[in-house]
Each structure stands twice: as structure tokens, then as C-alpha cells.
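Lettered A, B, C, D and E in written order, each chain numbered from 1.
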Amino acid sequence: MLRVTGLEVSYGSIRAVQGIDFDVREGEIVTLIGANGAGKTSTLHALSGLIPSTGSVELEIDGNRHNLRGIAPDLRVGLGLVQVPEGRRVFGNLSVRDNLLLGAYRRKDDLTKDLENVFRLFPRLKERLNQRSSTLSGGEQQMLAIGRALMSRPRILLLDEPSMGLAPLLVREIFRIIQAINAEGVTILLVEQNAHMALKIAQRAFVLETGKIALSGPADELARSETVKRAYLGG
Amino acid sequence: MKTSTRFWLLASSILVSLAVLTFLVHYRLIDRYLSRLLMLGAIQSIIALSLNLITGFTGQLSLGQAGFVGIGAYTTAIFTTQGWPFPLALIPSVGFAALAGFLVAWPSLRLRGDYLAIMTLGFGEIIRSLIINLGDLTGGASGFKDIPGFHADGDINRSIGFLWIFLSFILVTVLITNLIRSSHGRAILSVREDEIAARAMGVDIRRVKIGAFALSAALAGWGGALQAPFLNYLAPTSYDFLKSVDIVVILVLGGMGSITGTILAAFGLTLLQEWLRFLGDYRMVIYPLLMILMMLFRPQGLMGGREWSLWNLIARLGGKNREVRHG
Amino acid sequence: ADSYGSGPIRIGAILPISGRIAEYGKQTRDAAILAVEEINAAGGILGRQVELIVEDDEADPVKTANAFTKLVERDKISALMGALTSNCSLAITNLAMSEKIPMVSPTSTNDKVTLAGEYVFRACYIDSFQGQVVANYAVDTLKARRAAILYDLANDYSKGLFENFKKVFEARGGTVVAESYNTGDKDFNAQITSIRGFNPDVIFLPDYYSAVALIAEQIRNQGIRVPLLGADGWDEVAGKADTWMMPAFYSNHYSPESQDPDVVKFIAAYKARFGVEPNALAALGYDATRIILQAIKAAGSAQPTEIQKALVNVSGKFVTGNISFDANRNPIKSAVMVEIVQGTSGLTTRYAGTVNP
Amino acid sequence: MTFFAQLLQQIVNGLALGSIYALISLGYTMVYGIVRLINFAHGDLLTIGAFIAYFCLVALGITPLTLTIAILLAMAVTPLFGYALERFAYRPLRDAPRINSLITAIGASILIENGLRVVPFIGTEFRRFPTMTTAQWILMQSTDEFGQLIKVTISQTQLLVFFVAALLMGVLVLIVDRTKTGKAMRATSFDMKAAALMGINVNRIVSFTFLLGSSLAAAAGVLFALSYPQIEPYMGIMPGLKAFVAAVLGGIGSIPGAMLGGLILGLAETLTKGFISSQLSDAVVFLILIVILMFRPSGLLGKAVKEKV
Amino acid sequence: MDSVLRVENISIQFGGLRAVNDFSLDLKSQDLVGLIGPNGAGKTTVFNLLTGVYEPTSGTILYKSHNGRLYRLEGMPPNRITQLGIARTFQNIRLFPGLTVLENVLVSHHFSIRYNWLEAVLRLPRYWREEARIREQSLELLQIFGLADYADYKANQLPYGQQRKLEIVRALATSPQLLLLDEPAAGMNPQETRQLMDLILFIREHFHLTLLLIEHDMSLVMGICQRVVVLDYGNILAEGPPDHVRNNPEVIRAYLGEDVHA
């Protein structure tokens, strides 16, 4: 569904991503793990078109191939490629409802079913519908960020550290929800520090080290690999 | 080399260049038109450096800097007209300006960003309004005339003015450079970067801000004080909002937080405006165009927060540790 | 070897060619160009051509002083025509004294300008004279007892006229109320409302025509119909106003309707050269330049100090009247009062009398 | 004139002046609210709007109908300049420090002012803006003890300005608070990158903001010219500055705040001139501003956003 | 008072929200206490109250400084509190982004610097002595955290995890007696978290620190804290040794969830 070849990202002289290749197949959960500063966020930003990059990114939706070079971020959303950014970044000056509606900004059809779907996944949001989103707790903001992304009916969802800063209870809740979303047919590319959990729910995984892919393979295999255990799972 | 050797080397090389320049000016090897522009550039540098302290380093946008300059200029004008020699008049000039800076700092402590900018703008306008309305003291709208020159007996001996102005310029530059490269300077920078974190690291941001405002105003007042005997005549229009904007423009074109950049831009713009004068009405079309193009193609200003390489050399000579910024 | 002895005689002009009042500067400059061209066409003076070097001061005193230094140091001028505004002139009067370069300001009316010393002259009459002319006209001809004044406190021209009008009007037993505003203000309703409460017989508006047109309209809009009075800054106001302006009177340097042959000739030449009617500023610029030229001729030298000596004795008939200098180097000359009247196409002015000093 | 009548008249004057400030600061504050840019050139867009209407009215003659056409034309054409400004001067600087955009804005402002002065058919000379002889409505009338007639009046133009300002404020609030584009505008103002991730075309939203803001500036320009019928390339400077002050007073970014700030500024200025001192009116006005900011550091209606640590 | 810090019944109200309610806490010298609880429970707010960012609506905060003097901290400005020996890190990193890593640390020495601005401008001997001293101390700290090689980098050029460490270094440079860490392990992977745990234990020994830390990573909290306080809706839900808290049904319900592995 998503094929990335030779992707490179630089900030001035810093080469954050140094030519990586990977792919994500339809219906999968694929996780991208790696240490701080390995270039995970940079990769996702490049996929969304938020930062300039070189290399090729191809998106295949319903048998149609799209080369994403030069396509603006908002149009990528239109194609079904949606990101839940690191640090939630909800629109703090808007209510929960408005945040959700903005998620569906490009859509012109009826939204009631999508809203219901979001509320089914996150009943808490329904209770807070008119609250200014800056006053939500961290976990609620994370739910809102995911819910907002779902409103655009993504075909492939990029999640950047969705469990960061969340209470253990919520962490498990979030991973459960990711699986539920995936079960409904949304392909998932998950960036996580919580490698335990990520490897548990993913089918395949890539390990990023200083801008390069160091390891890749089925998630359960990687979870058993000694190198991964030592470097990322803490022994 | 020992630190002290380096220091003396630096100090003496600056003094020698100053002496050579003064010699050239005195014997008119640099003609009076050029020397006048150099003096104007030096005064502008002092004023722009004062703004750099509060805006570039402390991060508080001031749109009223011309007001402080005006205080310094008029105070010197008043006192020297009363017979005080210039160096003595400098004291109340800098003092009053500092006091005004202190007064602005107080209400400004609670304000941020654009609100602060508008507050300083308001203060500048109040000062200008006072200058116009203090009729007999300031000459009001028709300006303050017949201000004694640098030389007591009225002899327009330009090298004395030149010496005063360039000595002041060097002093102010050294003052700001040394201040910024000290713990006090880092405290100032930390306020610019993040006030909450600065407080959490034990920095008394109220003191830092008030101090920076007062010092910035004092230096602006110093620049103004030099204008009075140099120009011999002061008009209130030289201290209005547009003049404050001019100073901001110098700062940004030079590169916020860069001392050499500020100086370069101050001299550069002074000369440029003079050279562009023949363009008449088109000058005011070309000048802003240059300004915009500069921002578009070199948004970080001439120096972009860095210092000129020779300056690094000097800094290395002058201080035993390198504080060369990366970036 | 002196730099004044050979080649063309260089005269400097410092005028606002750009900035807020560029219009004034350009008209004055054009008139000076005309005067120089005329004399060069007639073979120059002392057998030498005259070169006019114009510098733009942007109406900024600091730039004026820069320009002056450049003209003296680099161009070695013999005399200066300028500056235009009093602020700019005041910025260079002491320089003119120390450099010993004679300057003739065409239009700086502030009394203080020529006090700097023997090198500073002007072609226009001064604020105190003009304030007196208008005040006397108000008392004598309009029989006014109560006068309101609305002036620009940030403009020394306006302030000077206000003070002198007030002094004379009160000395002659009248009552005065004054309100002020700042340069560039557009809304005067607050002040006019206050003035309305005072019930004046006349309102004196000492400012340039652009402000005057705005103020006058707001005065009339508040239903005040008393005569409006002004000074030479009103020149050209007729073209910018409508019948509501009337009744209105102002003092001026000359009246374009004058049948004096010098005036007629000047107007024709200026129109032929620049395609527009000259205004009072142009007339003064022309006169200031010709005063300098006459002095050079009389001095028989392009030496600034010689020219200064000759300037003191200049006397003759110019476009803006007979001019000779008093002890303070201010011209002794008459003012005209004009009235704004309805003409064939829009408003025009009518000669309403001459006032002699 | 009795003191009371005088006071009433000054209040009317103040509100009339204030509604002009309000009108101008609406566009100012909206652009600021969305893009966080003090658009110094706003006052100059006002000038452009006034000139467009001027040429239109000179060609057509002034009647209520042509005046409406002129306003609409100015509101339609001026945004092109606003768009160009955004597209070529501000957009490339979006990621640069804010002071850079500020300098560019100042540059753009100087450029427009002086650019217009060298355009042959505009030039430096001021022109009289066509006006209609509008009726004065008498609000109050009586005679004082000396038999003098006392009138408190308001002109049609003054009323027109007031209502247009109120109307535009309403429309603006509706657009920003109620429409989807309005929501996108607010989202963009909060976090541009996140807005792009929602599929919002950020460039289009910012452009729209500028189009709307310039359109408002144009409307304000025409009404300003109608009230003070004299136009020249520098005419926008002072009202621009005052409107900026008004916007800050009301809480910059707040649309009702701009309205309130404008009215307060107009009243303060007029009452100071009328009753305290016209010499010190600027000083007094700025003193009021400073005092208000000391007690309400984010302006009267601005939200005091306390940073959560 | 033999405690370093004694918090008695502090509360704070934001509009209608009582973010912290009747919170009490007692810290003895060199305690290492964890503060946990659901998102929005009020943990960070407690830090903000202790460090003077907010003033409590009611309650008292007593603190004993190095020299044994007692202070009441309510309403004291943050910089004073830091000077008395309480330092903190921020949940959302708040470094001085445009300053170098070294400069970030040097700022923390500002309040203890022994030269005035005039001496700095004139570069008198005391300036040189003091600068050398604080530079040396700062580099030493950076060394401990493996950041010495980055000393000349701008702070915002560091990767996230390093920035978190720099936050700790910067706080340590104020020579605190009590250190408050707000989610130090956020954004770190399990391996990095383990290293961080060792570091925390090391600095506690080395600098004789009393530590209070907020963390959602249970491996860290349960691994190194002697005592854990659980907050929920601004109230203390439970308090005690890790094992005790971990098995508290209330805590499981509100915070940990079932099947916790840590």
C-alpha cells in the first residue's frame, strides 16, 4: 500500500534520515521503533509532506498508484494518508467537537456515522464535546488526536508515539484501540518507544538507527531477537 | 599568551586605530562630509546597540527607543546650554534616560510580545508629546537651537567631537560585548529564550528585565547625548515613532543579537541613505524594497546572530575561552 | 588658489524633494532652476555660468545638515538657497555662520531663523509680521472682537502664527480662544465643538492648505458660518475646497492676478517651462535665487564672504514685492490679503488689499 | 452652550471617530488573530481602497448608488494587493522569526506609501474625496440662558460608519465562529502544521484571511475618506497606527475587542481634546492605554492565556 | 523539623476545577519518592505549587534549606525557591533552545555567581575566576550525563532523549537539595529508561539529593522509588511502598489497570 524507497531528510547539515526503504501492506500494522533521534518522526513528517525530503514515496489506494512527490500535505490527507502527530497537537483554542469536525475538513458528506464511530471508540470524548480541548488531560487529548484523524476516513494511519506520557491504563487502552481501528480495515504505521507493546500488536517491524534501517522482519521474531532485546527492550 | 597580554594587545590596537582615524579627521584627510557620516553612523550604532540589548538579547520588542534617545539629547542640550561641560551633562542625560527605562520596565513586566511593543510605543509617544509641550525648556515644536558644541570655546574643531563619539562608540560596544559574555548576559539571554525556565533556574527575571530596560535606555540616552552637541540643533520630529522603527530596522537587518551585525547595519544604512538621496522620491521606493528583499533572502539579517570572524579573533584574544556560537 | 575663482559659480539648494512635503520642495526647486536658466541664457554673471546643485533634505533636520556639509565640503558652493522649513533651516544656520556661507531661505518664516547671525537671510516675511497683518485685518476690516484659533502644535510655522496673531489681537482688545491639534490629525470635531461653545466672530487657521481644507469643512459641518482667516500656507486652498469655505481671507506673498509686469512675466515663464501655475512657494524660491544672483553680481565675486556683504545691501523689485533687508536680514516687504470667492470654474481668489510693514 | 450639551456632542463626536478606528482595526485584528502578524501595511491597503473608490466616484459622480458601487469595487479590488503582499512578502517568511515578518510588513508599508507617490496619476498631491451633502440630524435642541441656540447633532456619514462597523463586526464574528472556513482559520492560527495534517490547505486559508482583511481595510478606507474627505498616499499611516492601538486595547485577535477598543480610543481622544487639553491628547490617550494594559495585560477582551507548565 | 519538605493540606483551584485538593507530603533527606496517577490528576500541578509557579489557594509548604533554616514557600517567587535548593525539570521540555548546551547549564549558576555586572564589563579578576569555576563544574556535570561532547551544540539540535537529560543536568547545576523530576523517562525506550534509572540512583548518592519524581513508566517507579504517592482527581488515593501501592485495588482501577507487568 505504501512503498518508500531511498527516503532522505536533512535539516541543514544534519542528515536525520539517510536513505531508507520499506513498505507497508494493506491491512497491516507495521511498527517503526528506534532510539531517540533515530529519525522516526522525521520519516513520518516526510511521508505526510510536512518537511521536504528526497527519494520516492508511493501510495496505492484501491489499485491506483500515486507518486507523492510534490503533493501538498492536505492533498495527501485527501488520498487517505493521515498522521496523528507526536505530542497530540490538538487545536487547543477549539472545542472537542470542532476538533473532530476539522478532522473531516475535506469531506462534504454526512459525518454522523463517523462521529458515532469515534464516540464508540472513545466514549470520554462524547462527555467532553463542548470543552475547550486545551483543558483536556493528556490522555484525553491523545484520544482526541486519534479520533480527529479517524474523522477523515484514513486508509493508512501514521501514529507517532501515541502512548507517550500516558498512564499505564491508558497505554493499554490506546493499543487496544489501535487494533480495533486496524480491524476495521485501516492500515497502520506505528512509531513507538514502547517497543514491548508495539511489537506485540504489530505484524512487522523496522528498527531505525541514526537514520538507517538496522533490522526488519516479523514483529514476533524481532521481539525475540537478542539485539532488539538488549537495545530496546531493556534486556 | 597570557590573558592580560592579550587584553593589552587588543586594547592598544583599538586605541591606535582610533588615534589614526582621529588624525586623519583632524587634518582633513578624511573630509568633513565623510567624517560627519562616520560620526552619525557611530551614534546610530550606539542607539541600535542599545536596542539590541533589550530586543535582540532580552527578547523584549521595544518600539519606543527613540523616546529614550530624545531624553538623552534634550537633557544634554538643556544642561550644556546652562554652561555645563559636555562630560558632566552626560551624567544626568544617561541618568534620566535610565530612569525612564526603569519606569517603562515596571508596567512592562506583566506584558508580553506585541502588548509590550505597543506599551513602549506609547511611552515613546508620551515622551515626544512632552518634548513638544515643554515649550520653553525644550524649544517645543520649533526645536532646540544653539546647543554648545563639543569644544567649549565654540571652535568647531571636529576631531574633538569625533574623539568623543568614537570613544563612546567603543565603550558601548565593549560594555555590551563583555556584559553579554558573562553570567549576567546569559541570564539576559535565558529570559529571551524561556522566562519560565529561567525562573526555575534561579534567575530573577524581574531584576534582569528592569536592569536590561534601564541599561538599554541609558545607552540610548548616551547616543542621544552625543547628538546634542554634534547636531547643535534638535527637532522633536527626530524622536518620533518612525525613528524608533528605523532603529528596529537597523537591528533586524544587522541580525538580531549580533553586535557586529548591528554596527555594520548602522553604518551601512547611514551611508546608504545618504547615497540614495539623489533618487528623490524613488529613494523611498528602493529603500523598502531592499528591506523586503533582505528579509526574504537573508531573513537572519547580515550576521544572523553570529559575530564577524575577525571579531571572534578579537574575542579570542580578549578572553581566554571561546564563546563562539554555533548555528 | 581658491576654489571660487574659476569655473561655473556653484549655488546650492537644500529642499525637500521627497517625503511628506515633497510637493513644496519640488515647486521651489523648479523656480530656482528657472531663475538660474534665465541668467545663464543671458550670459551668466561675471562672465561665468551658474550651476545649481540641489540636495534633498526629506524635511529632516539631520539630513539637511548632512547635505549642507556635502555642499560646502565637496561642491564648494558660494551660497545656499534653502532650507525650506524652519526646522531644517534652524539645523544649519550655525553651520552657515561657522563656515561663512551665506544662505537665503525662501520660505522659513520662523522669527528665530535669522537670529543666528549675519550669514542667514530669507526672502519671506516672518511669522510675527504675518500674524500681525491677519490680526489687524480681522479687527479693522472684519470688525471681529472674538477670535478662535485652531493650530498645529507640532508645527512651528503654525505655532508662530498663532502666538503672534493672539498677541496682536488681544493687544487690540479682542478675546481669543485657542485649540490645537497634531500634524496629520484628521478629526477636529472635538476642538470645533469647544470653539462652537465660544461663539467666535472669526476663526484663524494658521496651517497649510491641506489641513485647512479638512478643518474648514468640519467647521462648516458643525454649522459655524463665521469668516475663516489664514496665512500664506493657504496658498492653493481654493483649488481644494468648495463654496462652503467662504467667507475666507488670507495673507499671501503675492497675488497671481497682479498686473505687475514682473509677476506676469514670471508666471508666463514658469508655466511655459513646467506646465503648471506657480504658487507662492515657487515665487519665493524664484526670488530667493534671484536675490543671491543679484548679490553675486553686486559683489563682483563668487567669494561667499563677499556675497554676504553684498546681500546685506540687496534692494529691488522682485516677484513678491519690493525687497530690502532689515538689520536682522529679514526682508522689508508688503503682504497682500486675498479673499476666496466663487469663480467661473470653482473657487478662486480676489485681491483684498495690501498691508505694508 | 451648556456643559451637558457640550459633553453630549463630544460623546457623539467620540463615538463617530471611534467607529472609524473600530472599522479599521477589525481587519487588523483578524489578520493578527489568524497569522500572528502585525500587518503594518493594513493602513496602506486602506489608502488603496480609498483611491479605488475615488477614481470610481470621479468617473461616475457621487450618488448613494455609485457610492455603494465604489465601496464594493474597492472591497473587491484591494484584496488583490493584500493577496500579493501575503503571497510574495509574508508567506516566504512564515517559518522565520516573527520580527522578520514585522520588518517586511513595515517595508511593505513604506513601499506602498511611496510607491503610490511615484505613480503618475496618483502623485504626492492630496485630492478632495467626493462627498454628498448629508443631512445633520439634531439629537437635542434647546436655548441657553443667553438665548443661544444649542444643538447636538450627528451626521448621516457618522451614522453610516457606525452601522457599517457594527455590521462588518457581526459578519466577521459569524464567519470566524460559525463557518467551516472560520474553524479552519482558527485551527491554522493555533498550529499550522497540525492543520495541514487535517487536510486543510493552509496557504489557501491564510490567503483567504488576507483577502478578507484587505477587503475590510478597503471598506474602512472608503468610509474614512468619506468622513475626512481628503486622500493622499500617506493618509493610511495615522489611522493604521491608531487602529493598531485600538486592536491592542481591545485585546488583539478579538473581533469584538477591536470594536470596543476603537470606540474607547475615539472617545478618550475626543473627550481629552474637548475637556482636558488638545495639546496632551496623544499623551493622555497613550497613558490610558498603558494603564489599561497594566490591569489587563491582554487587552480588554483578550483572553489571558496563562501558560500551562 | 527533621524533614526536608513538609507539605500540609495544600489545594489549588483553577476556575471551577480543584486541580489539587488537600495534598500533604513529607520528604526526609535523601528520600526517593514517586508521584503517580492518571493523566490530569494534578501531579505536575503539585510540582508547580512546590516551585512557586502557582500559589496554593490554601495550605502550607515548609522547607528546610541546607543551612537548617526553615522557610514557607507559598507565594515565594520561583527563582527564590530555586536558590533555596529546590530544582525541577519540566514535563514539556523547556530548555533555552537558542543557547548552547553548555550555556544552558551555565545559566543555572547565575544566582550563585560572585561578580557584579560592572566587574563583568571591566573583566576584573573575579570575573575570570568565577567563569572558570562554573565552567568546570558545568562540564563535569555534562560529563556524568554523557553530554560533554555536545557542549557547543545548540540545545534544540539535540535529540529528544538528550534534551531530557540536559534538563536534569541544568536542574542539578543549581546545586539543589531537593530535585523534582517530571516524567524524566517520557519518550525513552525501555533500554534508555534502565540507564536513566541507574543515573538517577547515582546522582542521588553523589549529590546527596532528595528526589520526588513523576513518571508513568512503572518499571522506573516500581524499580527505584522507596515510596509512591498516588494522586487521582487532585486527591491522594494511596501512599506507601511500591509493592503495597501496586496491589491496591483502587490504584489498579484508576491507574494501572489489570495485568500490570513491571
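Going forward, contacts are C-beta pairs under 8 Å (C-beta built on N, C-alpha and C of every residue); 3 or more make two chains touch, one makes a residue touch a chain.
No experiment lies behind these values; they were computed from the predicted model shown.
Visitor: What's the minimum number of touch steps needed to get from subunit B to subunit C?
Guide: 1
Visitor: Which chains are shared contacts of subunit A and subunit B?
Guide: For subunit A paired with subunit B, the chains in contact with each are D, E, in label order.
Visitor: Could you tell me which pair, C-D or B-E, is linked by more C-beta pairs in contact?
Guide: B-E
Visitor: Roughly how far is subunit D from subunit E, going centre to centre by Cα mean, in whole Å?
Guide: 49
Visitor: Quick check: how many Å separate the C-alpha centres of subunit B and subunit D?
Guide: Those two chain centres are 34 Å apart.
Visitor: Centre to centre, by mean C-alpha position, how many angstrom separate subunit A and subunit D?
Guide: The mean C-alpha positions of subunit A and subunit D differ by 44 Å.
Visitor: So which bits of subunit E are touching at least two other chains?
Guide: 53, 90-91, 94
Visitor: Touching at least two other chains at once: which residues of subunit D meet that condition?
Guide: 114, 117, 124, 279, 282, 309 - these are the residues of subunit D that touch more than one other chain.
Visitor: Hunt down the residues of subunit C that sit against at least two other chains at once, touch-wise.
Guide: 18, 22, 153
Visitor: Please give the residue numbers of subunit C that touch subunit D in the complex, ascending.
Guide: 18, 20, 22-23, 153, 179-182, 184-187, 189-191, 193-194, 196-197, 199, 210, 213-214, 217, 221-223, 240-242
Visitor: State the interface residues of subunit C toward subunit B in the complex, per the touch definition above.
Guide: 17-19, 22, 55-56, 58, 60-63, 65-67, 69-70, 72-74, 86-87, 90-91, 93-95, 98, 110, 112, 116, 153-156, 159-160
Visitor: Subunit B touches which residues of subunit E in the complex?
Guide: Going through subunit E, the ones touching subunit B are 51-53, 77-79, 82-83, 87-88, 90, 94-100, 103, 106-113, 115-117, 120-123, 127-128, 130-131, 134-135, 152-154, 170-171, 173-174.
Visitor: Flag every residue of subunit B that touches subunit D in the complex, lowest number first.
Guide: 55, 61, 107, 110-112, 114-115, 117-119, 121-123, 125-126, 129-130, 132-133, 196, 241, 245, 248-249, 252-253, 256, 281-282, 284-285, 287-289, 291-292, 295-296, 299-300
Visitor: So in the complex, the part of subunit D that touches subunit A is made up of which residues?
Guide: Spelled out, the residues of subunit D in touch with subunit A are 180, 183-184, 186-187, 189-191, 193-202, 308.
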